[in-house]
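Each structure below appears as structure tokens.
You will see chain A twice below: alongside chain B first, and alongside chain C after that.
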Partner chain A sequence: MLGEGILKGLAETAKNFVGSFFSAERMTTVEYPEERIAPIEAARVFPFLVYDGIEWDAGLRCVACQICEKECPPKCIFIEKSKDKKPDAVGKPQFYPTRFDIDISVCMSCQICVEVCPFEAIKMDNVFELSTDDRFDGLLLDRKQLAKPNAYYHQIHPTEAAVVEARLAADRAKSDAKQTAAAIASAIKGAERPLPPPTTGGD
Partner chain B sequence: MTIPAHAPEQLKNWNRPRIIEPGGDGDLLEVAMGPHHPSTHGVFRMDVALDGERVIRLKPVFGYLHRNHEKIAESVSYLASMPYTDRLDYICSLTNNWAYALAVEKLTSQEVPERAEYLRVILGELTRIQNHASSIGFLIQEMGASGTPLMYAFREREKILDLFEALTGSRMMCNYMRFGGCRVDASAAWLDAARKVVAGLPGFVDEFDQLLSSNEILMARTQGVGILRPELAVNAGVTGPMLRASGINYDIRKVDSYGIYNRFPFRVPLGDHWDVYDRFMIRMLEMRESIKIVEQALKDIPAGPVMDPKAKIRGFRPKAGEAYGRIEAPKGELGFYLISDGGPNPYRYRVRPPSLINLTVLEDMCLGSDIADVVLIFGSVDIVLGEVDR
Partner chain C sequence: MIDTLDQIFVLLKHWIVSFLPGACQPAASVVISVAVIVVLFPLLFALTTVFERKGLARIQNRIGPNRTGPFGVLQPIADGIKSLTKEDIVPSSADSAVHFLAPLVLVVAVFMGFAVLPMGRNMALVDMDAGLLFFFAIGASTELSVFMAGWSSRNKYSLLGAMRAVAQMISYEVPLLMSSVAVVMITGSLSLNKIVAAQNQYTFGLPHWYIFTPWGLAAFLLYAIAATAETNRSPFDLPEGESELVAGYHTEYSGFKFALFFLGEYLAMFSISGLGTTLFLGGWSSPLEVLGWVPSWFWFFSKMMMSIFVFIWLRGTLPRLRQDQLMNFAWKFVLPLTMLNLFVTALWRFLGDGWERWVFCTAILVAAYVVMGRVEMRAEHFGPRRYRYAE
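Now for the complex of A and B:
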């Protein structure tokens, strides 16, 4: 019968229309600014720099190795390496970035910087409401704007952060063990060395 | 392809230029359709010469979205062009990742762990389902059914994109596959969520079928329109659902059985009228086959690593040589051709884009048809301009 297919299609749309009044599953959209769906944990929007402790300046994990700058596909990261070294979170003297800028008008949130970073210093954020009317300075983030505490990272990506934390703890334990071993070895070595002649006290 | 002697006369002359004499006493009307036209899926122009409503000449003009993808890829490392491949066919970024990863794996003789292969199949087929659903939606929208079928397709696509976001971190620019595996592992919770979504997909395809397949208006508009002869399709290098709708049994998943596709039984639907309706129907049937593949892959997926522990993702220099990796992307054969000179970036990087090559037969399909059908025929090619222009 001519028109049967059309009627079949209309029955389908009618089912959906009537169903939307009764079944919550058929309501697929939300009214965005007022209503929000829960953020997905793995979601990634623009990188930020992780720091340990309270001081963002002292706690930055970045050691200015510039691997991310080199690997970044659109080349939106600008790093200036320091001349001097200062102790990092573990206490080892390291270089630090005197300048770390990300031009987020160029960044495409591909997270390759996160993947190649050997120090777990750069991670992906999940803030997406970043529109600004300042096209140049407003979108060029410097290291102060990029720095965010480790606790924030744990808050937005709990599963991933737990894995990273375990790895860092293992690394720290390893380096601590190495240091203690070295200290013990040097102590033993020192003990084996003939003792210097006792200095006589002043008259 | 040799044409059998008993073939009808018009088939023998398939490759002669078809000259249609302008009829009547009027002049030809030249219309520039696009570059900003609702039907052009992006920025694409068709310079059409019309005699009344009949198409006499059609010249596709593209390049508005050219962004130097191949040259950029030659100047950055192998890893850094992975996110750029997302932007080729931005509807199906995961299959683009896969094809590129396959090419680099061939170049560096890299093994892929079992679990990663399964994840690739699951994601590739989910990509195919959402691409076909939305491409049918767009095709129907170009017929004038503005909204309903497209929104139904997008409703399902949304569920699949949520899965992609939960696993890869991004809905469309996934950047997920790596040379020697996949970037992150899928959790058990993600696999359960995927099973749930896939369990709902057959119902969606049934609904879509009910809504569209037997619709008289759709049949009147699409049957016998935009015929692509198999000989022309083969000679023009057309691939994918377009080629199969022209009745040629060629599916790279079957021909190459790259990855682990030989473990999945699935059928390749073929068309026998070579028209727009066949292309629509082939996509419908392929969705059903893809659902079967995903279901089986989700059932069989083994435990294990998703990344070869020996794999290096950055700072490697492949030996001098060349490699061509190709997959059956939702739109056709997507291939990446790489030449290495031993350096950290490819010496030559070439994409074989299915959209561009499928578009080359557009004029042949459109000649002699009405201007209103041009929009429809163009929609049935299923292109993404990001891939055409690169």
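Now for the complex of A and C:
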């Protein structure tokens, strides 16, 4: 009959109206500045740079290969590569970024930099309270602001970080094995090296 | 004591006026009454906006405004300051004089409607013999201001909104009037005071409100539908449908002029709810004879606010109509039913005091509702568009 739907709708909204005063689970609002919900693990906002060890300066994984800079669709990454090499966390001499800036007013959180990085050096952060009254310098993060320890990465994205860690460990094991194999091989080679042909004196 | 409380505002006014010389007492009395109306209803409007936002939020299981003051009750003050400090923009191609006048004409016209509403015993500003007629005459002039606003803005959305508003308001003006005529037919008077007095009688402690009669209930429902459309409230908010027309006829208004439109809209809601209360819900009379000691103005305002709550409830429930649905509903359903209701009212008047009139009138109205709901309002199935001449 005409008007039936209207009555049903009115009953529904009346139920909501009254129910919202009595049942707490109806009210899904989180009153943000005072209340917060734990961030979702897969949440991502802007990239940050991972460093190993304690010193951010020495431990940056980034080797300034500039792949992320080239791949970044909105071109928000700016890298200056060092002229010299310095030992990384493992002790291997590497290039390093003398400048690594991300303009987060341009960044679109696409995560492409993270995906192309061969060194697991750049990851997505979940910090979102970045408002500032300086819209130029305040939103241009330099490498010091971007650098965050590996432990922090493990804390915000535990699952992903575990996978990354396993992969890094495997790589390291592989390269170690390779190195040992190479060392052994060279050792064997050295051992098996035939004696220099005897010199026939007086020729 | 009870009488004093009931008449407290009237006595207060007389007391203030008594300090003035005799010659200017009548004028002063009117000025005081007008001042009270002009202050009271905007205050009520401020309260209603926050309650509306709260109510709608609750209907959607949200909290609503809760930042300004305790439970967000100071929100209207913040809104008011905001609209006062905003830039007043007049489009360069607009007709600036008409653009300026439109909100004023709206608010003034709406305020004038309150002049005849009896807000309590002896609390009508003007006891006009043709009060109902005056109310509708003034109410109809709000259409003018809406069209002034839409036309002078020189904006396609404004103009579309204004066209819709005028079409809608004129279409629903007819059933609004016709449903009120039923009350006039029974009361035999256009004076709102007499209409309330006629309802302020009790049988077995229950009031003689017109809503408790078959024709009265039908007229009340039709009046409520037409009033919702008259005040451009959801689901009849096509003139300002923000998802289609930006803001309809007040697209080009900003700052305080926009606030005036907003105010005018809510004041229209108050006045039309007040009139509905007066016509069908017994005005300032109490719902039970034993509650007669409660001041009359309390009943009037609580009934009015209840109607406002229903407006808000409807807004939280129903989606907006389409233009053709709106017009079909007005001309094919509401108007014929109001016409029939006039006939039923006449039948009620001449069938005497027995039980027969209850049965006959109810049967006719219910049958008409069912049949017309089936026939006139059956769902039309729109197929693919057929081009009659192009093929």
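The working rule: the second predicted complex is superposed on the first by the 184 of 203 C-alpha atoms of A that agree within 3 Å, B and C clash if a C-alpha of one lies under 4 Å from a C-alpha of the other, contacts with A are read in each partner's own complex, and residues count from 1 in each chain.
One rule holds in what follows: contacts are C-beta pairs under 8 Å (C-beta built on N, C-alpha and C of every residue); 3 or more make two chains touch, one makes a residue touch a chain.
All values derive from a computational prediction rather than experimental measurement.
Enquirer: In the overlaid three-chain picture, which partner chain does A:20 touch, first (chain B) or second (chain C), both, or neither?
Expert: Touch status of A:20: second partner only.
Enquirer: For A:41, select first, second, both or neither according to whether it touches chain B, chain C, the two together, or no partner.
Expert: After superposition on chain A, A:41 lies in contact with chain B alone.
Enquirer: On the A-aligned overlay, A:109 touches which partner chain: chain B = first, chain C = second, or both, or neither?
Expert: After superposing on A, A:109 lies in contact with chain B but is clear of chain C.
Enquirer: So, A:9: does it touch chain B (first), chain C (second), both, or neither?
Expert: both
Enquirer: Regarding the shared-chain residue A:31, is it in contact with chain B (first), chain C (second), both, or neither?
Expert: The second partner, chain C, only.
Enquirer: Check the contacts made with chain A and report whether chain B or chain C touches more of its residues.
Expert: Higher number of touched chain A residues: B.
Enquirer: Identify the partner contact of A:54: answer first if only chain B is touched, second if only chain C is, both if each is, neither if none is.
Expert: Touch status of A:54: no partner.
Enquirer: Considering only the contact definition stated at the top, list the common interface residues of chain A for chain B and chain C.
Expert: Shared contact residues on chain A (touching chain B in one complex, chain C in the other): 2-3, 6, 9, 12-13, 16, 28.
Enquirer: Enumerate the contact residues on chain A facing chain C in the complex.
Expert: 1-3, 6, 9-10, 12-14, 16-17, 19-21, 26-29, 31
Enquirer: Where on chain A is chain B touching in the complex?
Expert: Within the complex, chain A contacts chain B at residues 2-6, 8-9, 11-13, 16, 28, 40-44, 67, 71-73, 108-112, 115-116, 124, 159.
Enquirer: In the complex, go through chain C and note every residue touching chain A.
Expert: Checking each residue of chain C against chain A gives 55, 58-63, 66, 313-314, 316-318, 333, 369-370, 372-374, 377.
Enquirer: In their shared complex, at which residues does chain B touch chain A?
Expert: Within the complex, chain B touches chain A at residues 76-77, 79-84, 86, 148, 152, 155, 158, 162, 165-170, 173, 175, 183-184, 187, 207, 210-219, 313-314.
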